[in-house]
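Look at the two complexes coming up: chain A is in both, with chain B in one and chain C in the other.
Let's look at the complex of A and B:
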C-alpha cells in the first residue's frame, strides 16, 4: 500500500463515477473548498468525467489567493529593507502586489528566502543575529499549527530578531459568507480534507444545519474526490444535509487536539480582509497579546501602505464560485502565469492557474 | 669614517626578502592572472586530468582533423549547480555529459570538448581536482577529448565555488537527419527511463527538504546508447534530452517545432516511487523535474520495437518505454490521457518551480 497510486486507480474511479451517474436525477452545484482539490480535479480531468448534471465551482481555499493586497504590499515593503531577511513559502514569491512581487525585490538585492517549513525561518534568525528575520505566516488552518510552533520555538529559544507577518485565515467564516450571500449558487460542499485534519469537522455541523447544505470532508486524490462527490450528490438527492467524512484515513471529527490548542495559545480570532472578497468577520487569526512582540507589523512601520488592485482581475468572483476563470476577458490573454494580474493565476492552488495549465482551449 | 653598514633593506639577497607563498591548497586571485601562477595551476592541476595532443601543443588554439565526411554539430552550455557534489554525480560530470548529450541529440558522434572554468577565490584545489577527475572519467566514457580550455578567478562571493562552461563538437554522418522539427503524425514517443531523478537528487542534496532520500542523479553521457539506437532504428526522427523544465517542457518544444500534438499516456510514464513520493509531498509534478541522463526518441511505429530493444540493451536505457504518440491536431500542444481517463494539457514550465504551501 503506497497510499497514492491506489487512490488514482482508474477502475475504482470509474466504478464510483458510475454510481454517481445512477443516483443523479437533476442538476446540482457543488463547491470544492480547497485549491488543492481544484488542481487535482483539473489535473486528472475529473470534471470531464462527471455527469453533466453536476457542476463543480471552485472555492476560496487558496491561501496565496486570499492574502489581501495590503498584507502583500507590507511584505514587499519589509522585504526590501537592507537589515531584513524575509522568509516565505515559495508559492508567495510570484504573487503580484500593487506594483511588484517578492521575486523582483530579490532581484534588486533584497534578501528573500524560500522556506519549506516555518521552523527553518527561526533557524535562519539564529544563524543571522545581526539581521531581522521576518516570516510571512499565511495560510488556512493547515499552516497555522506549524506557524504557531515556529513562534513558540522562537520564544523558548529567546530569538529576538524573529518576527512574523500574519495573514492567517479560517474556512468556516468563508463558508458562512458564501452561503449567506444573496447570489449564492452552492448547494453542497466538499470540505477541505487537510484543514479538517487539523480542525476536525465538528465546526461544520452548525453550518450544514443553518443553511440546509450537505458538507462532505473530502481528500485530494481522484478517488477521494469522486467519493466525496458521490456522498454529497446522494445527500442532495435524498434531501439530507449532514456533515459526512469521505476522508477517514486522515480526518476525525475532533481533529488534532494538540494542534488546536497550540493555535489557541498563539493566535486569537480577528476580522480579516480576503483579497477580492472583502472583510469577513472573525475569519482570521492574529497574534494573541502574549506574543505581540513577534508581530512584524508592530516591529516595522508599514502604516503608509497604499494599495492598487489590477482593475481587470475578477479574482473575487472566482474565489466565491460566482465565475469561472475562462469567463474572465483577461484570462489567457492579458493574464497568464508569466504575467499574472491576480493571485489565482499564480498559485499552485489558484483556480485560474489550474484552468490555464490543464484545460485552456 | 667608519660608518655602520646599512640595514639589509638594500640587499636583494638578504633574509628580509621572503619566499612567496606557494598557494597550492586553495585558489587565489593570482591563479587567474595569466602569469606564472596560472601556468603552474594549468600544468600541475588541469593537465593532470585533462590532456590531449591538442592541449599538449600549447598554442592559443586547437588544430583538429575531422575523422570523416559529414556536418559539424556544435553545442555550448554553462554549468552551475549547488551543491557541487550530489548523489550520483557532480558539476564536472554534469558539464561533460550535458554538452556531450546536446551534441549527440543531432545524431553526431561527439569528438571534442572545450572547457572554461570560473573559479571562486578560496576554492580548495582538492575540490577542483575531484571535479577534474570526474570530468576526465566522464570524457573517457563518452570517448571525447578536451582540446582547449580557459581559467579565470573571481573574488570570493562572486561565484558558487566554480562554474564550468563546455563546448562540444561532433560529426554528423552524411545522410543523418534528426531534429526537433521532424516529428510526424503516427510516430511514437519513447523515453529511456525514469523521470525527475536528477532534479530531486540535487534538491535533496541541498538538505532543504526536511526528509532524506536515496535518489541518485541520472547524469550520464548518452552518446553510446544513441549510437546503438541509430544502428537499430535508423529512421529516428527526433532525439532530445529533457533537462531543465523536464519532459513536459521538452515535448512542448518538439510539438511547436514540428507543429504537431504530442499525446501522452499518464499510466505509461516511468517515475521512481521515491521521486513520486517526494514530488507528491512538495507539490511538484515529475513531468517538470530535470533529467540529465534521459533520452526522448520520436520514431516511426515500425521501428518502435527495434528502438526499444536497442535502448533496453544499454545500461542507461533499461527502463525504456513508449509513453505516447504524435497526432496531427491540435498542433503545438502536448496532451495527456490521465490515469482515470480524462485528458488535460501538459504546459511548458512557466518559471521557477515553487513548492506549494499546504
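Let's look at the complex of A and C:
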C-alpha cells in the first residue's frame, strides 16, 4: 500500500463520476475549502468531467492568500533590517505587499531564507547567534503543530534570537462567515482533509446542523475528491446535512489530540483579518501569554505600517467563492504568476494560479 | 492548503529532545518530527506537512475505502458507455 497511487485508479474515478452523473437531478454548488484540492481538481480535469449540474466554487483555504496585507508589510519591514535573517515558506516570497515582496528584499541584499520546516528556522537561529532570526508562522490548523513545535523547541533550548510573526487561521470561523453571508451560494462543503487530520471533524457537526449544509471530509487524490463529491451530492439529493468522512485512512473524528493540546499550549484564539475578506471574529491563533517573548511584533517596532491594496484585484471575492478568476479583468493580462497583483495568483494553492496554470477560461 | 505527503518511518531518534525520525518518501529520505505521534513505530506510514507528522495512516481503512468504491462505482456502466 502506497496510500496515493491506489487512489489514482482511473477506472474507479470514471466509475464514481458515472455514479454521480446517475444520481444528480438538479444543480448543486459545492465548495472545496482547500486550495490544494482546487489544484488537484484542475490538474486531473475533474471540474470538466463532472456533470454540468455540479458547480465547484473555490474556498479560502490558501494560507498565503489570506495572510493579511498588514502582516505581509510587517514581514517586509522586519526582513529589510540588516540584523535580521527572515525565514519563510517559499510560497510567501512572491506575495505582493503594499509596494514590494520578499523576493525584492532578498534581491537588494536582505537575508531571506526559504525553509521547509519551521524547526529549520530554529536551527538557523542557533547557527547565527549574532542575528535575529524571524520565522513567518503562517498557516491553517494543518501547519499549527509544526509552527508550535518550533516555538517550544526554541524555548526548551533557550534560543533567545528566535521569534515568530504569526498569522495562523482556522477553518470553522471561515465556514460560518461564508454560510452566514447573505450572498452565499454554497450548498455543500468538501472539508479540508489535512486540517481535519489535526483537528478531527467534530467541530463541523454544529455548523452542518446550524446551516443545514452537508460537510464531507475529503482527501487530495482524484479518487478521494470524486468520493467526497459523490457523498456530498448524495446528501444534497437526499436532503440530509451530516458530516461524513471520505478520507478515513488519514482522518478520524477526534483528530490528533496530542497535536491539539500542543497548539492550545502555544496559541490562544484571536480575531484575525483575512486578506480581501476582512476581520473574522476568533478566526485565528496568536501566541499565548506564556510565549509572548517570541512575538516578533513585540520585538520589532512595526506599528507604523500603512497598507495599500492593489485596486484592481478581486481576490476577496474569489476567496469567498463569489467570483471566478477569469471574471477579473486583470486575470492573465496585468496579473500573472510572474507579476501578480494578488496572492491567489502566486500560491501553489491559489485559485487564480490554478486557473492560469491549467488554462481554464 | 496544507499539502501533506505520506511517508514511511525508517528510523527514530529522540536525542535532540524532540521525537524526530527519518522518513522514506518513495526513495527520498527526509527528517520529520513525530512529537505528536507517541505511538509511532518504524514501518508506520504518516502524513507529513512542513516537516511535521500529523497522523498514522490506516492501511485497513484504505483497503476498506477501495473495496467500497469498487462496489458502489458504476465502472461497468462507464465502460459500456464508451463502447468497450
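To be clear about the criterion, the second predicted complex is superposed on the first by the 359 of 361 C-alpha atoms of A that agree within 3 Å, B and C clash if a C-alpha of one lies under 4 Å from a C-alpha of the other, contacts with A are read in each partner's own complex, and residues count from 1 in each chain.
As a convention for this text, contacts are C-beta pairs under 8 Å (C-beta built on N, C-alpha and C of every residue); 3 or more make two chains touch, one makes a residue touch a chain.
None of the values given here were measured: they were computed from a predicted structure.
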Chain B versus chain C as contact partner of A:36, first or second or both or neither: both
First, second, both or neither for A:181, with chain B first and chain C second: neither
More chain A residues in contact [chain B versus chain C]: C
Touching partner for A:142 - first (chain B), second (chain C), both, neither: both
Touched partner set for A:14, first chain B, second chain C, both or neither: both
Partner chain(s) touched by A:359 [first = chain B, second = chain C, both, neither]: first
Which of chain B and chain C A:270 touches, first, second, both or neither: neither
First (chain B), second (chain C), both or neither touched by A:89: both
Contact residues common to both interfaces of chain A (with chain B and with chain C): 2, 4, 14, 36, 63, 89, 116-117, 120, 139-140, 142-143, 194, 348-349
Touch list for chain A against partner chain B, complex: 2, 4, 8-10, 13-14, 36, 42-49, 63-64, 89-94, 114, 116-117, 120, 138-140, 142-143, 194, 222, 336-338, 347-349, 356-360
Parts of chain B lying in touch with chain A, wherever the complex brings them together: 208-210, 267, 273, 276-277, 280, 282-283, 338-345, 347, 350-352, 354-358
Chain A contact footprint on chain C (complex, rising order): 1-4, 6, 17-18, 26, 31-33, 35-38, 45, 47, 49-52, 54-55, 57-59, 61-66, 69-70, 72-79, 81
Residues of chain A defined as touching chain C within the complex: 1-4, 6-7, 11-12, 14-19, 22, 33-36, 61-63, 89, 116-120, 139-140, 142-143, 145-147, 149, 153, 156-157, 192-195, 197-198, 220, 223, 227, 246, 248-252, 255-256, 258-259, 262, 348-349
